[in-house]
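You will see two complexes here that share subunit A, one where it goes with subunit B and one where it goes with subunit C.
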Partner chain A sequence: MEAVTKLYHEHPRTVLFSAAATLRLALPLAFPALPDLLSARVEISTPVNSFKRLHEGIFLFEHGLDPYDGGIFHQAPLLLPLFSLLPASTSVLGRLASILLFTILDVLSADCLHAIAASGTATVSSVFSSPRKTQAWQPLTVAAVYLLNPFTILTCLGRPTTVFTTFFTLLSIRHATEGKLQTSAFALAIASYLSLHPALLLPPIGLLCYDQLCKSREPVNDTDGLKSPMKHASSQTDRPKVLDFGIRFFSCFLLTAALLLALSRVLLPSFAFLPSVYLTPLRVPDLTPNPGLWWYFFIEMFDPFRSFFLGVFWLHMLSYSVPFCLRMRKQPLAAVVSMLGITAIFQPYANVGEAGAWLSCLTLLSHTFEVSSTHRYTFPAVAVLLYTSLLGPAFHHLWLYAGSGNANFFYAITLVWNLALLIILTDTVYSVLRDEWEAERPEGKGKEVRQI
Partner chain B sequence: MHLSTLLSLPASLALLTLATVYASPHSYTEHLHLLPLPQSHLHAHFNFTATTPLSAYESSHFRYFPRSLAQILQHTRTKELHLRFTTGRWDDESWGARPLDGTREGGTGVELWAWVDGGGSKTVPEERWSELVNSLSGLFCASLNFIDSTKTVRPVRLFEPEGDHGSEKGGLQLLHGMLPHEVVCTENLTPFLKLLPCKGKAGISTLLDGHKLFDATWQSMAIDVRPVCGAADGGECVLEIQQSVSMALSIPRSMRDRHDPIPRPAKIEDVQCDESKPWNGHDTCFPNAVTDEPAWTLSKVFGHAAKGACDLERNDQAFDVTLEVPSDRPVNATGASELTFPSTTRRHYRLSASSSFDLSLPACPSPVNPMALFTPPLYATRQIAGHGQERGSMHTTLRNPHAHPLTLVYMESLPWYLRPYMHTLRLSNGKQEKLYYTPALDRERGTHLELVLTIPAQSTTTLTYDFEKAVLRYTEYPPDANRGFDVAPAVVRVLSEHGGFGGSYVRTTSLLLSLPTPDFSMPYNVIILTSTVIALGFGSLFNLLTRSFVLAEEVPPSPLAGIIRRARDAVKGLLGKKTGGDEKESKAADAQAGETAEAPSLAKERTDGKANGIANGHADLRERKARVVT
Partner chain C sequence: MALSARLLALRGSPFLYKLPPYLSALCVLVGIGWILLLPLNEYSRQTYVSENAILPGQVHTYFGGSEHNIFRAFRQEVYALSQQPEDARQAGILKILADSGLKTASQPYAYQVAGESINGTNVYGIVQGPRADATEAMILLAAWRNFDDQINYSGVALALTLARYFSRWSIWSKDIILLIPSDSTYGPLAWVDAYHSISIPPTSSRNISALPLKAGALQAAVALDYPAGPWGQRFSSLDILYDGLNGALPNLDLLNTAVSIASGQMGIACTLHDHATHSDSYRDRLSVLASGLATQSLGHATGPHSAFIPYHVDAITLKTVGDGWHDEMSLGRVTESVFRSINNLLEHLHQSFFFYILLNANRFVSVGNYLPAAMVLAGSFTTSALGLWVLSGRDDVLVAPLAGGLAKQKVEMETVKLGGDMALVPKRSVQTIERELFVPALLLLGVHILGYIPLWLMTSLNRETLALGLHLTTAVSLILPISLATTIRLTRSQAQILQSLSLILLGALLATLATLNFSLALVIGLLASPLAFVRRSSSSLLTAAQALSLAITSPPVAVYAFQRVFYPAAGLEKLLLELAKGWSAQGVWLLWVAWGVWWPAWVVGGVVVGSGVMSARR
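The block that comes next holds the complex of A and B.
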């Protein structure tokens, strides 16, 4: 026991990561049917990330057919050769191998989160330092929240390919916090290549990277969070040019994306994968239930208005990226996390995996939890999240298996789930902005405020 | 054993046809084959064959070939056509092999396949196919126009052209469509009869009555158009149309009185009890299965007798009706001359032109021995397994009853809303030689699965795969959405042993697939509720992003509050409490700003002076405070 304690004190990260990995590998060994059960859940697997559909794609690919000339497989082409290397998923070995791969991804994601939290970017940016920065959680806690989040664990066992997207998004954020322009854009391009919507993170991650570049060029001077205008002005001249940076970041992103698409074309007989992978989330032809807001809306939509509302929904999602960057320019990481939340909630094929990853990412902004828990509705929202995650599968069963409920049961639960996520998102944005405001007005702490 | 001669029917018919063809290129023959089946059933196969020389066809000159159909074929450049209307199920466990090896029957509903001249283009055959199904839809009063791109497949190995296409064969494209949901009924029979030269007014076609035909246990109407060329003598090619109706009627059911069609239990005196049962007693009876074939007459089974002959061009050896019963069974035929051939089981009749034809057979105590039935080439059944409306799996059981292995082509044409996972395809026994697979595209194309399999001798093979059920848009569901969706039957072609042309066909029954259904009553509610949630999120985020924070006590009073206060003051003043109110008000102002209420200019000066003393000032806020004070 003492040895374990000692080990924990000496290498806490290693202990945490190996414990999480062991948990992920022990669960399928204890319950062999669990991974396939989870892969089949609509909450985890959607038409654009399902593990079973991936295997169908691999089957067609290996038999020399174009896997995108069909309505089943809509995932990124480079996943095909990667998963072809694994042994067949029907065997015990194959199942374990795939779970091991996803466990490694999860651990790497947690490592990214650890690094992001350790960088302190959440509380200190080049132009701002939070008055609550001492309240931020330990990086290890942030990683632990990600690794031990039940949503993440279940997703890892369900093996949807969006876990890759999550990993590359977090990797991109990590490199952005380190001020590495090329690698950040590179990772973000991979994430966007895998599932399109991370492209919406381009402005906030670019801002974060730019901010870190500015920060690294400044001498470390401000410990109290207040800067003299003189110093500020002098550092202004040191800053890299915005336009220059933007062009470099964007071209890096575009180049990588183009390279990946070209690689995919080499792999496949035609360009059919482009509409299949990237138009499917845009046009939502497959209305399989998921925990998002789109599926039932577009089942019930009147045909003449279908394209109009598709446009509205996508414009709505697009509309957040730049305003977040403008409003939270002093805290770019908060803008990134909020945008992650927007994509997790409003994407057409939403799944609990991405929602869970986003909820874990919220701990990066842990210094503001005090604000949201005092002034906002975080407790009811979290309670609602718990209640929907229990009732969701139950109502899904009532609709499709027991026949004692209809589609409205599951729809109502997805609606409430999204409402709760939205409340948590607005609470986060509120507390981040309030924190920023309190840096200017320390006397406002704990008082009632109004927005005008 | 004597029944096995049924299988040689196509050959004899073909010989007959060819014999007449060379006498005159415009020819017409008709034939009815009757065969009692076990379990009091009667199989009747009507065949009407007309030909026209290809040259006459090209120049639109027709005698017996139906002009309406020919014009459609010419317009759509269809070289060979097969159309089937089928209802019911052929019970091959009790009745043995299917008539004509299953080559003249279709799957439940409507089945259509045709070889269309594609002109070397990719889109042209599809356009012509679309024209063909739409025209046939009008001609046969069937919903054939619903065979769109989602229901059309292009089988690779399943069918081979029956006709002689010569050098054209390379340019022909085969398209195949099935409508399992189609209910075949009288409105399809009438146009079918109208294609005949005698229009159902004379000859054996007068026996075809919708009430009896569609009341049959199984019936299949078929139209087959193909070009036939002479063998070695370089005879002229002709276009042949074979219209056939094959049916298995239950004799007791079709013998019911038309005015009293309700089945009633037999009188207790007529019921034979199974005395071997332990519970058999004076008041308990377990009825014996009726194995006897009842007495029947043609006019009672088909509703009326055949009226005369359709006497167009006939040679003296031609016969209209063949009855296949043991030679010792007495048969009484009226209105026809019996032709004798050296055959022990077949009796041939030739209808007389003027009188009506009837057959009557007495009850037969020893009916056909079921053991003598010709064994079907294959037994095939298909089911959907699993529960719930989310996913399921398809199970096809193929049983080879023979002592030699079978090679067969198995084809499924699945609707797009059934999403099969081919990586889960398993064959329990036997060998998968080849797989042709075209995956479905949502709302554009259905799945086409074709397998070449080898099944070992005397064994059963199970073919399974998993599938997922799609959720459709609410406008895509039919009005009876909870009934389910029909899935077309699987078609199995058992290849002949030497691997040459031909083979026999077996079709499974169609399946019912229940899809998850949304609530059809509330599109508005869903649009409103989802939009509300999105608007709530957007609104609160928009608020947070565009507004700035101020302390609650710094919020300027709204103009409306000022008006209310003034009104209240006025009321209080009228009541004579003016002084007290003023005092209270000034006290409240003191507490708020920490300063006494003075003239506005003075207050501003003082606050400005104070503000200068503070290092990092909030001048604007101070100004705002000052305004609050005033």
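The block that comes next holds the complex of A and C.
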């Protein structure tokens, strides 16, 4: 016991990471049927990330056929050679190997979160310093919340390929907090190549990266309160040019994406992968149930209105990216986390894996939890998440297996689930903005919000 | 506008902190009251057949005349077979089926539970419908031994006669499967499991062979239970059994069809749950409702039909009761007419209700009317949990003056300094204490994992040691909360967080369960209701009273009480064995709900009460 405590105090991160990895590897060893059960759950696997569909693609790929011909596989082509290297997943060894791969990804993601939290970007940016910065959680706690989040664990065992997207997104954020323009854009391009929707993070991550570049240029790191306008004016001159930065960031992103697409074309016989991978999330042809908001709506839709509402739904998702950057320009990490939430909730093929990853990312803004838990509805919303994550599978069972329910049962629960996620998102936005406001007006601390 | 402003002003009111326990109590009372209202005419409805294709009792039944002689011959044959050893009996039945022109097969099965072994063989034959394309089938069941372990002489003979009779008709648009399992519970279970799988790998607890012969998707199953001996026995009414495993119910249309044919066409009275006399009074309705709740919450098989329902095959058992003037041919005609109705179906039964509570054979309560009762009960836990969560974030010192009233309290002020600005703000609004979640969350997780130990004991011990296991579990359960409370010294806030998390989990689990098995959720919710009201208290009298009420409503004590009240003759050992069999062989969740959901919540309640003693001693 002594030795364990000592070990924990000396290498807390190693202990946490190895404990999380052991848990992920021990679960499938103890319950061998669990990974395949989870891979088949609609809450985890969607048409664009399912592990089973990936295997269909690999089978076709290994037999020299175009994997996109079958109309089942819609995932990025570069995943194919990677997964062909693993032993066949039907064997025990293959299952363990794939779980090991996803465990490594989870641990690396947690490491990214640790680095992001340790950088302190959430509380101190180049133009703003939060009055609550002492209340931020330990980086290790942030990593622990990600690794021990039940949604993350279940997703790791269910092995959807969006885990790769999550990892590359977090990697991009991590490099942005270090002010590394090229690598940040590179990682974000990989994430977008895998799932398309991370491209919406381009403005907030760019802003974050730019902000960090500004911060690193400043010689004196004033952390006490607001900066005087005088200082702003003086530091304005040595800030990097916005346009210059934007062009470099964007061209890095485009170059990488083009490179990846070219590489994919080399692997495959035709460009058929482009519509299959990128038009599927845009046009939503496969309406397999998922915990998102789109599938039921588009099942009920009359065909003439379909393209109109596809446009509306996508525009709605798009419309948050830039406004978040404008409103939270002083706290760019908050803009990134909020945008992550928008994509996790509103994407056409939503899944609990990305929602869980976003919920864990919220701990990056832990300094504002005090505001949201006293003034807002965090606890009821989390309780609703608990209710829906139990009721969702039950209603799915009643609909499809017991036959005593119908599609409305499951759809109603997904609505409630998304409502709870949205409440958490709006509460986060509220608390972040309130924190910013209280920095300017400390006398307003603790007062009720009132419409004037 | 004014109202919303007032509601907003109420947000900081100390009144709110005191409200949750009263709201919870109200929820429990409403839940109980709701159930008592259900038998009234205003809340229940007359049953009706909603699938138009069924047309119950619209056809003339031709089963009669010379078929009666064949039935009598088969009854003697069955009696003769019953005197023979097991193998010869099965061979005899197979021969009769083959002689009637059916394709036949058999399936041996074996279950091994709590040191007991259950062996048997399912014998079955298929009448290929002349107009069928082998995609759909209906099942006629007659177990060799009925649910009360009597030999089902007339039932089996009637099924054989009907099979011979059915095979001569040209009207069948679905195949008819005649199934004769050795017993009423495990035979049908093994058969229906094998029917819906390609292969079932043998495990330590069961070994089922694959079926050599299959037909299409099963549409409905009707089981006959008529144990009259070789010289016959007339009956007065039909008892209709409808409960499936884990509280799943067959579509109400099937039940309605059987009732309307039996009582409308043949004039045979129908009863439920062995309530021979039913005057349709409030009392009788309530009593049938209570029987329905009891069988549904246990979730165990109630007849040969039970095994089919989890596979979405609607099934009922027709059981003859009493001594009257209806003979075997009337039962045969009822069965024929029910099969003609099922034969009419164009799609699987889906029109009518799957969630209902029956008050008598032609009166029911639909899901919208009864579900709120269990949901309100689950809501009582959630309400308390929310209240406790809010309280856990408040400091002791700050809550005390709040409770005394706001008006004359001197508000402590605090200066907030930021940058160059200074401001004076009331201290109360700034101060919230940080909640220490780690220890409560870990304790909750630990207790939930511990719950699998009694579950394992109650399902894996041998018949002889099961009772001992329960005594041991009882002793440990009563000591565990106190020892946990003494080893882990929880602060007031931690105890409140622990109870809050536990109650919210219990509420969510019960609400989920209510959608799957309403009765079980209701019963567990009622038994666990004290958990929402126990509080940590420094008064030793109050603590003792709470501990006593918790001890009385503890899961192990409930098992003893259940045995004393409902199965006084059977003995504890037999009851525990049946429960273990239900879990291992039938896949009934009851034990998991008791030990994996209720027991951990109960232990946490005990820890919270116990921590009060600790705080008083300090």
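Observations on the structure shown:
FYI, the second predicted complex is superposed on the first by the 448 of 452 C-alpha atoms of A that agree within 3 Å, B and C clash if a C-alpha of one lies under 4 Å from a C-alpha of the other, contacts with A are read in each partner's own complex, and residues count from 1 in each chain.
Heads up, the rule we're going with is that contacts are C-beta pairs under 8 Å (C-beta built on N, C-alpha and C of every residue); 3 or more make two chains touch, one makes a residue touch a chain.
Keep in mind it's a predicted model, so treat the numbers as computed, not measured.
In the superposition on chain A, A:Glu448 makes contact with both subunit B and subunit C.
Of the two partner chains placed by superposition, A:Leu85 touches none, neither subunit B nor subunit C. Legend: residue contacts after superposition of the two complexes on their common chain; A:Phe379 is shown touching subunit C, with no touch to subunit B. In the overlay built on the shared chain, the residue A:Val4 is in contact with neither subunit B nor subunit C.
Taking subunit A as the reference, the larger set of touched residues comes from B, when subunit B and subunit C are compared.
In the superposition on chain A, A:Leu243 contacts neither subunit B nor subunit C. When the two structures are aligned on the shared chain, A:Val266 is found in touch with neither subunit B nor subunit C.
Once the two complexes are overlaid on the shared chain, A:Leu390 sits against subunit C while remaining clear of subunit B. Contacts of A:Leu398 after superposition: subunit C is touched, whereas subunit B is not reached.
When the two complexes are laid over each other on chain A, subunit A has residues 226, 401, 441, 447-448 in contact with both subunit B and subunit C.
The residues of subunit A lying in touch with subunit C in their complex are 131, 224-226, 370, 373-374, 379-380, 383, 386-387, 390-391, 394-395, 397-398, 401-405, 439, 441-443, 445-448.
Across the complex, subunit B is touched by residues 40, 42, 52, 55-56, 58-60, 63, 65, 69-72, 226, 285-289, 293, 295-303, 313, 316, 320, 323-324, 327, 345-346, 399-401, 406-408, 411, 415, 418-419, 422, 425-426, 429-430, 433-434, 437, 441, 444, 447-452 of subunit A.
By the touch rule above, subunit C contacts subunit A in their complex via residues 8, 11, 248-249, 310, 312, 348, 350, 354-355, 382, 385-386, 389, 393, 416-426, 429-430, 432, 504-505, 508-509, 511-512, 515-516. Of all residues in subunit B, those touching subunit A in their complex are 387-391, 416, 419, 421-423, 435, 437, 439-443, 468, 470-475, 516-519, 522-523, 526-527, 529-530, 533-534, 536-538, 540-541, 543-545, 547-552, 554-555, 616, 618.
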